[in-house]
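The following blocks contain the structures, represented as C-alpha cells.
In the two complexes that follow, chain A is the common piece, with chain B as its partner first and chain C second.
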Partner chain A sequence: MRALYILAKDSLEEALSSRLILVSLVAAAVLLYLGEAVSALAAEEETRALLDLGLGLIELVTLGIAIFGGAVFFLREGETKRADLILSRPIGRARYLLGRFLGLALTAGVSLLLTSALHLALLLFKGWLFTPAYLYALLGIYLKVLIALSMTLGIALWSTSALAAMGFSALLWSLGHFLPEVGELLGRGGTSLVWLKPVLWIPPNLSFLNYRDVMSLAPGFPPVGAWFAYAGAYAGLWLLIAWDRLRLKEF
Partner chain B sequence: MISAAALVLIAGVNAFLPRLPGFVPPLPPPSLGAAPGGASEEALLLSLGLRRLLADVWMVRLLLYYGAAEEAVRSAASESSEVSGSGGYPEIAARAAGILSLDPSFSYAVLYASGALGFNLGRPGEAIELLRRGLAADPGNWRYRAYIGAIGLTKNGDRRGAVGLLAPTLDMPDCPAMIKSIAAFLYIKLGESAKAAAIYRKILETSHDPGYREMARRALARLSRGARSRSRP
Partner chain C sequence: MPDPTALPLVFTSVGKVYERSHLGRATRQQALRLVSFEIRAGEIFGLLGLNGSGKTTTFKIALGLIQPSQGQVRLFGLPPVRAQARRKAGYLPEVPAFSQHLSCEQVLAFYGGLSGLGGRILEHRIASVLELCGLKLLRRRRVRELSKGYRQRLGLAQAILHDPELLILDEPASGLDPLAILEMRRAIEHLNGDLKTSILLSSHSISEIERLCDRVAILREGRLVKVLEKSAWKEAEGGLEDLFVDAVAAPLGTGESA
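Our next item is the complex of A and B:
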C-alpha cells in the first residue's frame, strides 16, 4: 500500500513540476474567458451556454492531460532508465502500473478541481444558481477521463508510440460518444454491415457517463453506483491489458 | 492471451451495461442536418460528447437567423402599432426541432421559435406542431400547453384569453423576452397599462438582451408620458 502511495505521489509531483497542470490551467482560463465572450451571443441563455462550454472545456483539458500523460509516461520512464531503478526494488510490475495510474489519475483530478473552481466562480458571478447536478456532471467527466487514461496506458504499452497511443485513444473516445449514431447507421446498412457490429463492442459507452447531456431532463439522483461499477470494470480491464504487456517488457 | 481475454471481457462488460440497475439509455441520435451548419462541425462536437454545446450553437444560429425579424417587431412594438413580424423565415420550425432533438430539455428554443411563429409571423399551425413535439419530448412542461392555448386564442382574436394563459409563464426563467414583450403589448391593447409597465420593468431588470432592454425603456417612458397626459385636467 505504501509503495502504491509513494509511486502515485511521485507521479503527481512529476506532473506538477513539468508544469503540465500550470499550462493546462492557463489554457483553461484563457478559453473560459473567451467562452464568456462567446456565450454572450446566446443572449438570454448566456449562463446555459457558459455552463455547457465550460464543462466541455474542463473535460477536454483534463482528457488532454490524461491522454498525454498516459501515452508518454512509461516511454519516458524507459528512456530515462527510471523504470529500471524502480523495478530493481521489491515492487511488482502490477503495483508499479497501478501506482503510476493512480498518480496520473490524481494529476487529472487536480486539474479538474482547479478548472471547475474557476468555471464555477465565473458561473456564480454571472448569476447562475448552483445545482448538485453540476457535481454529478463533474463526476461523470472524471470517470470518463479515468477510462481514457486506462485505455491510453494499455495502448501505449502495446504500441510503443506515444502518437499512435494518443490517436487511437482519441478514436475510441470519439466512438464512445457516437455509439447510438453508429449503431443506427449500421442498422440502416442492413445485413451488409453486420460484420462491422463487433467494432461497437470495444469502445467505452461514454454516453452513459455523459450526465451533462441529460442533467436538465433527469432530476433526482443519477445512477452513481452503476457509473462506478461500469467505469471500474472497463478501466480495470484496460489496466489488465497494460499489465499483460508491462510484465514482459524490457526497459 | 491475457490481453485477448481482457478484450473479450470488455465486450462482455459493454453488453452487460444495459442490464445494470439504474442504466439510462442514451438520448436517441439527433436529426442531423435539421439546422444549417457544417456536417463536420456536428460530427466533431457530437464525437467529443458536446451534444448540449451543439444545441447552444444551433440556438445562437437561430437567434441570429430570426434577429432581423425581431428588430422589426421591437420597433413595431415601440411605435405601439400592431405586433407583426416580417419576412418568411421558413427554417425557424426546422431549426428549433433540430435543437430539440439534440437536447429535449431545451425549452427556451421551443418557446422562442413557437412564439415567433405563432405571435409574430402568423403561422400558428407550425407553432403548435413544434410545441407538440416539445410536449412529446418533455411531457411535464406546462408552458408548452399554455402556449398552445394562447396561440390558439390569439388566432381567434381573443387577446384577453391569450394573455391570461401567457401570464403564468412570464415569471419562468425560460420565458423569452420576446414573449414578455408580446404579453405587455397585449395588455396595452386591453387598456391595462399598469400590467404592461410591470412586464416592461421586468424585462429591463432581467433580460440579457440589450435590444429588448432598450425597447422596454422606451415603452416605459411612453407609458409614463401617456399616464401624465391622462392625469392632466
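Our next item is the complex of A and C:
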C-alpha cells in the first residue's frame, strides 16, 4: 500500500510541477468566462445554459488532462529511463501501474475540483440554487474520466505513439456517448450489419454515466452503486490490458 | 524468500535477442550469446567491453528489467523478475534520471520508500548516504539545479540507500571530473571494503577497473570472451589494457572463458 501511495503522490506532484493543472485551470477559467458570455444570450435560461456549458467544459478539461497524462506518462518514463530506476526496486509491475494510475486519477480529480469550484462560484453568483444533482453530475464526469484514463493507459502501452493513444481514446470516448443510438441504427440496417454489433462491446457505455445531460430534467437519485460497479469493471479491464503489456515491457 | 547462502548473481548460458518492428519491418539484434558468470559475495566484478558489447543489457537482465531470450539468471537465488529478489540489489544506471522538481532529499525519500524504508530509519539512511556521497550541503537543492557530477553522486546515493548486498554500477564515473572520479572510487572502495557489498560495475576506463576489481569479464559483441582474476593482469606485462585489447582484437572464437 505504501508503494502505491508513494507512486501516486509522485505522479500528482509531477503534474503539479509541470503546471499542467495550472494551465488547465486558466483554460477552464477563460472558457467559463466565455461560457458566461454565451449563456447571457439564453435570456431566461441563462443559469441553466451556464450550468450545462460549464459542466461540459469541466468534463472536456478533465478529460484532456487524463488522456494527455495517460498517453505520455509511461512513454516519458521509458524515454528518460526513470522506469528502470523505479523497477530496479522491489516493486512489482502491477503495483507500478496501479500507483501511476492512481496518481493520474488524483491529478484529474484535483483539476475537476478546482474547475468545478470556479464554475460553482460563478453559478452561485448568478443566483443559481444549489442542488445535490450537481455533485452527482461531477461524480459521473469523474467516473467517465477514470474510464478514459484506463483506456488511454492500455492503448498507450500497446502502441508506441502518444498521439495514436490519444486519438483512439478520444474516438472510443466519443463513440461511448452514442452507443444506444448506434445500436439502434445497426438494428435498422437489417441483417447485413448484425456482425458489427459485437464491436459495440468495445467502447464504454458512457451515456450510462452521463448524468449531467439529464440532471436538469430532475431524474431522481442516480444508480451510484451501479455506476461504480460499471466504471470499476470497465477501467479494471483496461488496466489488465495495460498490465499485460507492461509486465514484459522493455523500456 | 531469497536463499541467504545463494551467490549474489549467477548467469547461466544467457542469450538476449532484441526484436523490434517498425512500419512492418522486423529487425533482430543479438545482444548477448550464451553468457555465463557468477558474482561471488564480497567481490568487485568488472565488465569491460566496447560500445554495444552487451554490458548494459547484462545489467538490465540481472535486475529483471528485461527478459533473457534463453538461459537462466538468479539474483540471490531467485529469478530477478521477482520483486523480492531485487530487495538486496542497488542500481546506478549510466545516466540516472530523476524528477527535476524534487530536491536531493526528496529523491532519496522516494526511492527509499519504494525499497520499503520509512520513518526514522529512512531519515537516518538519507543523512548517511548524503554524507557519504558528498551531497550533505546540497540536500535541499533541486535536481534541475545539479551539475552532471552531482546527479551521478545522487544516483549512487539512491543505489546504496537501502544498504544493498549487491551494487550494480553502469559506468559510474561517466562524465565526472578527475576529482569526482577519485571520490567515486573511494566510495566504491568503502562500500566493498568496509560494508562488504558485492559490486558489479562497468567502465570504459581500464585503469579504474584495474584498480578496483577482483575479477574482470570481457564482453565482445555479446559474447563473454574472457574472465580474468586480478593476478592475471598483475602478472601481465602490459596489464589489463593489453589483455583487453588482445581479447577484443583477436578473431572471434579464439578467446576463452575461464
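Simple rule for what comes next: the second predicted complex is superposed on the first by the 248 of 251 C-alpha atoms of A that agree within 3 Å, B and C clash if a C-alpha of one lies under 4 Å from a C-alpha of the other, contacts with A are read in each partner's own complex, and residues count from 1 in each chain.
Everything that follows uses one rule, which is that a contact is a pair of C-beta atoms (placed from the backbone, for glycine too) under 8 Å apart; a residue touches a chain by one contact, two chains touch by 3 or more.
Nothing here was measured: the structure is a model prediction, and the numbers come from that model.
Novice: Between chain B and chain C, which makes contact with more of the residues in chain A?
Specialist: If we count touched residues of chain A for both partners, the winner is B.
Novice: State whether A:100 touches chain B only (first), chain C only (second), both chains, or neither.
Specialist: neither
Novice: What is the contact status of A:180 with respect to chain B (first) and chain C (second): first, second, both, or neither?
Specialist: Only chain B; A:180 stays clear of chain C.
Novice: Now for A:90: first (chain B), second (chain C), both, or neither, which partner does it touch?
Specialist: second
Novice: Is A:119 touching anything from chain B or chain C once the two structures are fitted on A? First, second, both or neither.
Specialist: neither
Novice: Residues of chain A that sit at the chain B interface in one complex and at the chain C interface in the other, please.
Specialist: Chain A residues touching both partners: none found.
Novice: Can you list the chain B residues touching chain A in their complex?
Specialist: 2-3, 6-7, 9-11, 13-15, 17, 20-24, 26-29, 46-53, 55-56, 59-60, 63-64, 103-106, 108, 138, 176-177, 207-209
Novice: Considering the complex alone, what residue numbers of chain A touch chain B?
Specialist: Checking each residue of chain A against chain B gives 39-46, 48-49, 52-53, 56, 59-60, 144, 154, 158, 173-181, 184, 198, 200-208, 210, 212-214, 216-218, 222-223, 225-226, 229-230, 233-234, 237-238, 240-241, 243-245.
Novice: What residues of chain A sit close enough to touch chain C in their complex?
Specialist: For chain A paired with chain C, touching residues are 2-3, 6-7, 10, 13-14, 17, 80-82, 84-92, 248, 250-251.
Novice: Okay, in this complex, where on chain C does chain A touch?
Specialist: Of all residues in chain C, those touching chain A are 18, 60, 63-67, 83-84, 86-87, 89-91, 93, 95-102, 110-111, 113-116, 118, 158.
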